[in-house]
Amino acid sequence: MLTSAEWDIVALSLKVSLVAIAVTLPLAFALAWLLARRRFPGMVLLDALVHLPLVLPPVVTGYLLLLAFGPQGPVGSIAQRLLGIVFSFHWTGAALAAAVMALPLMVRAIRLSIDAVDTRLESAARTLGAGRWDVFRRITLPLAAPGVFAALVLGFARSIGEFGATITFASNIPGETRTLPLGIYTALQVPGAEGEVARLAIISIALSLAALVASEWLVRRGTDGKGRPVL
Amino acid sequence: MLTSAEWDIVALSLKVSLVAIAVTLPLAFALAWLLARRRFPGMVLLDALVHLPLVLPPVVTGYLLLLAFGPQGPVGSIAQRLLGIVFSFHWTGAALAAAVMALPLMVRAIRLSIDAVDTRLESAARTLGAGRWDVFRRITLPLAAPGVFAALVLGFARSIGEFGATITFASNIPGETRTLPLGIYTALQVPGAEGEVARLAIISIALSLAALVASEWLVRRGTDGKGRPVL
Amino acid sequence: APSQEGDKRAGPIVLAAASMHDALEDAADAWARQGHARPALSFAASSAAARQIEAGAPADLFVSADEEWMDELEGRDLLVEGSRAVLATNRLVLIAPAGSNAEIAPEPGFALAEALEGGRLAVAETESVPAGRYAKAALVDLGVWNEVADRLAPAENVRAALQLVARGAAPLGITYASDALAAPGVKVLGEFPAGSHPPIRYPLALVAAGGHPQAGAFRGFLLSPQGAAILARHGFGTAERD
Amino acid sequence: MAGAPRHRRQGQACPVNALAFDIDIAVARPGRRIEVRIASTDSLVALVGPSGMGKTSVLDAIAGLLGPACGHIEVGGKRLFDAAGQVDMPPERRGAGYVFQDSRLFPHLSVEQNLAFGTRYADGRAPFADPAECAELLGIGHLLHRRPRELSGGEIRRAAIARALLRAPRFLLLDEPTASLDDARRQDILRIVEQIRDRFALPILYVSHDRSEVDRLAGDVVEL
Amino acid sequence: MAGAPRHRRQGQACPVNALAFDIDIAVARPGRRIEVRIASTDSLVALVGPSGMGKTSVLDAIAGLLGPACGHIEVGGKRLFDAAGQVDMPPERRGAGYVFQDSRLFPHLSVEQNLAFGTRYADGRAPFADPAECAELLGIGHLLHRRPRELSGGEIRRAAIARALLRAPRFLLLDEPTASLDDARRQDILRIVEQIRDRFALPILYVSHDRSEVDRLAGDVVEL
């Protein structure tokens, strides 16, 4: 059905997207919690910073990533020296770009759910002996589960579709950074390659449909069907 | 501070984004309500369709828009004949592209909030004499306000940043469809225009920061500060 | 044009390859100074513009970076017959970051792989983007393609490839001479031999769906000696015109 | 378990169509089937029974929030539900003044807006009192601009009662209205209920665990 | 309004450090300042007063959920709060077994999980009963796998009581625990409270509007 080159693209896209949202999820939750529950100076600035990748054209985000995480960028050079992580022209760069683009969506979704958590339940948990961390883990987090599920769906879909930041920051290297959108873009440049474009687009759609169905299933298992979490 | 050409771009971007989210909001709410509250055949398909612009690379979305809403597309030709609306090379095309890209984000945010609405309150309103529509208007909608605010912020930010679908569908016409991201793209083509790129990027950031601050202010006025609506 | 929404957008609509930005903006200014309505210049990838024309968008003039897309449109009778011409030509150059001390020039069998020193060679995408296809052809012709095929950093377009070099992400890159000319942060190491790749031509043509009364005149202006002078200032050649 | 009238206060033989309540339904709940039969000419009927037996479920069914498996519901001579005759009036047209066991004040509205919520749907029926008067009577006049979250348990209860009364109901469903109220307040509310019973002859279904309340108010007592 | 003990049942003169409750605080609420003084050797003290006077606010302050403006709180010889001495123990270390007026069961947990929630924080204190036994005693043994949303009002109440008891509390705060319970259930619960009072000498603060309950249970009665 798929050619082996297409399989490679699919596998790479999945790897990049899954790593991106797995790494982003805890950060997104922490940011959402901070923004929902704390009042601190610079809060609006942090909020704006999180939203930045949504507002800027992806190509600019990619360019800024290049400046910061490129081999000569302040973060990139440190990451390479201390952690041995290279972003340029590497699938980790594609994952970083996808993560940055998915972050604002994930933060918003989780924040909405945290805002909806009844703080009286958290108080009740504390009188029962649960410290702040336990309250978070046993009450806040599970009650915010609908937001987490939404964040996963949005983040995954956004990662699967991310193009501009990836190609600008991590380039379009087959097997490394040529994810589905980059493959589609490459095909789109050529007259008459609509067939290839359609194949890859259908794969994208199928992937995200699978993710949607899986998430609806998870949500239904994880909630009573009305968005109220059971776990 | 800004040149007059830059002002034009800003004004156009604002017009395009505001029209896009204003038109999309009711549709997004209706879709979110359907997906949250109804079980119907084809529900997963509708859900997937709404998410499509998130999953597909924007360029592909733009291409599909071109096929459907272009002068010879099935929808585009009808819209032109019956309503006199032209999308090609026209700011309405940019607004349509922005709307389509913002839709999935807006639907998700609103859906999260509708899911969190306590249906027992809706029942109570009905025993008090409110029909389905009044319950919706007086209970469901205001209780879902946090999601609506989040939808507006996400939608506006996404619209302000939309690039790929716009340039593919509506082209890059100064004064008509050259929004901020397209302006940035155009400047990026000019050697040594990093200054111009930076200026336009900073305007984008400032706009979204203003939108964020405005929305936080609205949310604070519209809720008790904990995301619980007061209106 | 059926729906020019007239008034506000008085000039013809020109869809042009993004790499022609500076030259065409200058030309449009010059044209406007002669008392004409300034054309509306829309810059995008040639493929995006061509697809819009295919979809029936009422553009007046198309300037492509790529003869393939012009052929495609011509084959579909979307162009005004007889209006196709070569507007400009370009050359391919090897570039490095401004501070680089690399000394290597493109010639048959040149030591490109060694010169990369483990880094990657920034090019436009070699299968789809015109500049990348020319680069690949040249590298194949010079006999070094096999050594560098898996050492490429393919970018979305020529400008992005240029940025990769300017930002030091790639030690070397291949771009058009017109791009490298004005770009800060990069230097030209050498030009690719003209015979090493197919001639680089930027064709233009009137679009059938258009029909702006000034479109033909602006086309003529671009092809005139005055237009050629402007193109030359931006690093394009015009010699190869018929 | 069908509840039969235990004792009557104003019991006389009446024509069937003068019944305040004519209810005979079965409601299904997980692991339990709740059957109840109420046929009473008394306008105030008490519904009593151990916790979890189905009192609230019966009220929900009469209000139209829970579909009975079978049977019929007629209150004040009006057919609200009839499994046989395919009658199933939507909740908003039944005209119930329902004081929920869990109050269900609208969190996004002030107390005042909560009280006023049902007024516009009165269909020309006059409410028993004007809102300000009713709020004073229930001792929540000083709380009108607060939100439900800023109320004490008993204040919430009283606001819920006021909201149900002010909608100009055709009948009342009171699910432990005096729960979490002090004695003085409780007496106030019992007095109000008595007045409505006597002056307006409104059918009232009253759920309570307090024997003395039931004895004082009810004509018929139905035990689940 | 400072409440003074009204009558005592087992009242003897005691050294100060044997006080079950030594509380003297003022709590600010919008438009109202709630002042209360409780100094009692009786392990069960009833807190009574009209609706909205501040009973729940006092319990919240003792549980550590509401900061008093001044004063001190000592329960069972343990200083929980002292404005002067800068003591303000966090709620989770106070060891309260708090039955909230609004129950506050965790909606995402089954009844069983709700009951077990506090057990792990018992710090070696033994609970009064094992969970299954306690659930049976309160008549909710058959509901252990339900979610709170699928319970009746009285069932929710009983689950909330069980949850507070099973956390092996150092003291109990009971805010109208018998509200919305039938007489038989109410007697069960009063009996349990009596047993805990007598057998474990646990300090218990009991809010109720029911005079007979208060008379039966309480040593000291504090009126707000």
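Order of writing sets the chain letters: A, B, C, D and E. Residues in each chain are counted from 1.
In the analysis below, contacts are C-beta pairs under 8 Å (C-beta built on N, C-alpha and C of every residue); 3 or more make two chains touch, one makes a residue touch a chain.
This structure is a prediction, so every number in the text was calculated from the model and none was measured.
In terms of the stated touch criterion, the partners common to subunit C and subunit D are B, listed by label.
Common neighbours of subunit D and subunit E, by the contact definition above: there are none. Farthest chain from subunit E, judged by C-alpha centroids: C. Most remote from subunit D, judged by the distance between CA-atom centroids, is C. By C-beta pair count, the most extensively touching chains are A-B. The mean-CA centres of subunit A and subunit D are about 51 angstrom from one another, to the nearest whole unit. One simple way to say how far apart two chains are is to compare their mean CA positions; for subunit A and subunit C this gives 35 Å.
Distance between chain centres (mean CA atoms), subunit A to subunit E: 46 Å.
Counting partners per residue, subunit D has 102 as the residues that reach two or more other chains. Each of residues 59, 63, 185, 188, 228 in subunit B touches at least two other chains. For subunit C, the set of residues that touch two or more other chains is empty. Working note: touching chain pairs come out as A-B, A-C, A-E, B-C, B-D, D-E. Across the interface of their complex, subunit A is touched by residues 36, 44, 47-48, 51-52, 54-60, 63, 104-105, 108-109, 111-113, 115-116, 119, 146-147, 150, 153-154, 157-158, 160-161, 163-164, 180-181, 184-185, 188, 197, 201, 204-205, 207-209, 212-213, 216, 226-228 of subunit B.
Taken together, the subunit D residues at the contact with subunit E in this complex read 30-31, 48-52, 54, 56, 101-102, 139, 142, 146, 150-155, 157-158, 175-176, 179-186, 209, 211.
In the complex of the two chains, the subunit B residues touching subunit D come out as 120-121, 123-131, 134, 138-139, 142-143, 145, 224, 228-231. Here subunit C touches subunit A in the complex through residues 45, 47, 50, 68-69, 71-72, 120, 122, 125, 127-129, 152-156, 160, 163-164, 167-169, going by the rule given at the top.
Residues of subunit C that touch subunit B in their complex: 3, 5, 8-9, 13, 15, 18-19, 21-22, 40-44, 48-49, 51-52, 55-59, 159, 162, 179, 181-184, 209.
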